[in-house]
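Following this line, the structures themselves.
After this come two complexes, each holding subunit A, first together with subunit B and then together with subunit C.
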Partner chain A sequence: MKTEASGGPTLVIPCSGIGKVHGLISREATYEIVDRLAPDTTDTLCLALLVTGDEEALAKVRSHSCITIDGCPKACSQKNVEMAGGQVTEAVRVVDAFKNHRGAQPGTATKLSEEGWTIVHEIADETARAIRGETTGGDTQDAQ
Partner chain B sequence: MKQRARSAAKRREATLKMPNEETLKVGVISCSGEEIAEGTISRLATRRVLELLRPGQAVTICLPLFLSGGQEERDFARRHPTIAVDGCSKRCAKRGTEMHSGPVNVSLVVSEILNGKCGGCSRSAKSQSEVDKEAIWRVSERIAAEIDALLAQNSQAECGEESDAACACTRPVPGGSLEIDGRTVTVAGLPLIFEHLAESGLAADDSSADRLLETVRIYHPIEPGEEQAYKSSLVEAYKHYRGQT
Partner chain C sequence: MGKRFAILPCNGLDKAYGPLSREVALAIAEHTESEIICPVLLNNLQARYEKTLSGLPLLVVDGCQTRCATKLANKLGIKIDQKIMVSEAAKEAGTTLDKSLRLGPATLKLAEEIVAGFLDGFEKKATTADSSAEFDAPVEFITVTHDKYVFKIPIEGYLFNENDCWVRVVGGRARVGLSDYMQQNLTDITYFEPPEVGRVIEQFDELGAVESAKAATSPISPVSGKIVAVNSALVNSPGTINEDPYGKGWIAEIELADFESERELLLDGSAYAETLKKKVADL
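== the complex of A and B ==
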């Protein structure tokens, strides 16, 4: 984690993938972090703004440390942040969190089940601890 | 007026690009903007349309996938007539789709549809309230109506007609049936209208007739002379629905 290099809050950017439950988990984990666990040191950013090349969004990701949370291996959030010139200090993958929940029924892309929320909390806790410098991020995967 | 004509011409142009029956699905692309509640509404309303209101008639794709995906993703808006659903006036879904895939046929903005009435809405599903549910309902109904219009327009284009009238014979109208003066009438999305009213606490008795009529009328034309028949039929259908749930 290189959050000390940034000039402000760490940006937590989920993919919010609309087709799978993993996308919803990435989104809710982000809100758990920025609204509840680390509201003073994190913020989020609309990934769609990056996709459209919004100048303000580009400047923001280039000047802040970014943590991406992706639902699937296509890693849309990580790739888009990197293409925008942002520094991804940690690339979290929701699919990795499922390794500890084999056979879990997390819900749908619209609504999470109890198991889905459990996975959200785990990802959020782990990522928030990493932001605080307490861990290097368990199931998360350090970006290159 | 000129803008509407241009918009209609643009829609016709896009629908005429569709090559065959396999592509008769409307693409719905939401911005899913993470920073604002309207982004969450755009995402959930799109999901509702895909799952409940127009299943089988609409498809979606993750907006960021245009940049990180391959050619197949980038061809999305060229293969489907497309509706962009944006949370705010920045219209990222519209602009992103048009930059990386192709022109959209319809551009919707959640904040405009709700006319500023989403102040109490939440970004996280965890904090979702009745206000959020109502907002999602309204936006999803609007998306569904645009899908119907695009599909009808496409049918018309396939028939080679120039009229503005929709091709009702092929227009999809999934929903519930009512008996009105001895004939069967299909009301699009009726089970979902009932679900919504039930969630808002509407009683399953005769006192609900006016509210039922008023709500259904938003989505389904009802002649003044048919109001009483609709009220009776709707109350019975709603009682039946509540008995099942």
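== the complex of A and C ==
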């Protein structure tokens, strides 16, 4: 568990994303950001904890900046974080990243292809830069 | 194996057991051609899975003790048919996961073992469910009625404590479980934690834990002795207690320590029926 200094780490919250390759990309991009690209300034949170009303998780999203990474346009992560009272500063959509990879074969819900990993790295790099304040987050959108 | 499921895993993200539960769920789905249910989407849009859930039995796969998948199913009123708790399975396998959220070779191997165990256990359960000849299920019952509820009590062979638990003794060994009244009172049982095999207990000690959407409780042992077996099938299928409380829903087997003196504190079927009538009349 990371130390929560003033403001604490930014929470990077992917959608559950099980059963679809887009969801797997969202999850892997989150791990890449939290584990490798920005381990000191980010943390992640299990979305199901918000869905089931876990008090600790609810308090956490309400007191930290949140970046959501959604696999598909249903935007489950963004919607649930906002419904929980969290502030979504960046809402990343995996489907948007595919606009630069038309016809890509990213793999399956259980295993990413090389193209799939390329998309993961792109989303993770872009989001990490946004967290560092270097860009506006590429394919992301401002929630407010 | 033939049987397909609607598989509801926990979200499985930020603790080591989460990604393992996801891996297990996906592997079972592949092996059985079952359908995966996204827990968050299910919460947001239950209608999306209406057809799947009405046509297939639900298997929930939880990672940690928070048991989000089970909680979600309970919250939405979806009946759980089978259940896997991967942290328990890891414990049984003697495996401790490291803190990494990415699955390493050892964790992937564990996932394979859990999946194989589930599939194998399910097949065995389907073929050997009636194999316990020593503790045959009862055939004749007394009934106690209250409003629309009918509570069954075996006429012979079973003794009860006032905590609504039964014991059936064969030789120096006893099998214990919950009464029909207890299981109906709890409603759909969604969680079973078995007592520890090898533990020596006193009469009226607690025997593991059961939990339903309505309540959590610990069965109270009618007898003392050493726990020599537990019904581990209930961990994955706790609803068996509801379906067959006096048969396949047994909880533990105990090597008896002092049954002759303890039986004085127990009730036979008729006496328990009288006690139960008073109990339900006060509801």
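Basically, the second predicted complex is superposed on the first by the 138 of 144 C-alpha atoms of A that agree within 3 Å, B and C clash if a C-alpha of one lies under 4 Å from a C-alpha of the other, contacts with A are read in each partner's own complex, and residues count from 1 in each chain.
To be clear about the criterion, a contact is a pair of C-beta atoms (placed from the backbone, for glycine too) under 8 Å apart; a residue touches a chain by one contact, two chains touch by 3 or more.
As the structure is a prediction and not an experimental result, all values here were calculated from the model.
In the superposition on chain A, contact of A:89 is made with neither subunit B nor subunit C. Contact with neither subunit B nor subunit C is seen for A:127 once the two complexes are overlaid on the shared chain.
Once chain A of one complex is fitted onto chain A of the other, the partner contacts of A:68 are absent, as it touches neither subunit B nor subunit C.
With both structures placed on the common chain, the touch criterion links A:112 to subunit B but leaves subunit C unconnected.
Between subunit B and subunit C, B touches the greater number of residues of subunit A.
Across the two superposed structures, the residue set of subunit A contacted by subunit B and also by subunit C is 14-19, 23, 27, 30-31, 35, 44-49, 51-52, 54, 74, 76-77, 79-80, 109-110. Chain contact summary for the complex, subunit A toward subunit B: residues 13-19, 23-24, 27-28, 30-32, 35, 44-54, 74-77, 79-80, 83, 108-112, 117. If you check the complex, the residues on subunit B that touch subunit A are 30-36, 39-40, 43-44, 46-48, 51, 60-69, 90, 92-93, 95-96, 99-100, 123-126. The touching residues of subunit C, counted against subunit A in their complex, run 9-15, 18, 22, 25-26, 29-30, 36-41, 43-45, 66, 68-69, 71-72, 75, 101-102. If you check the complex, the residues on subunit A that touch subunit C are 14-19, 23, 27, 30-31, 35, 44-49, 51-52, 54, 74, 76-77, 79-80, 109-110.
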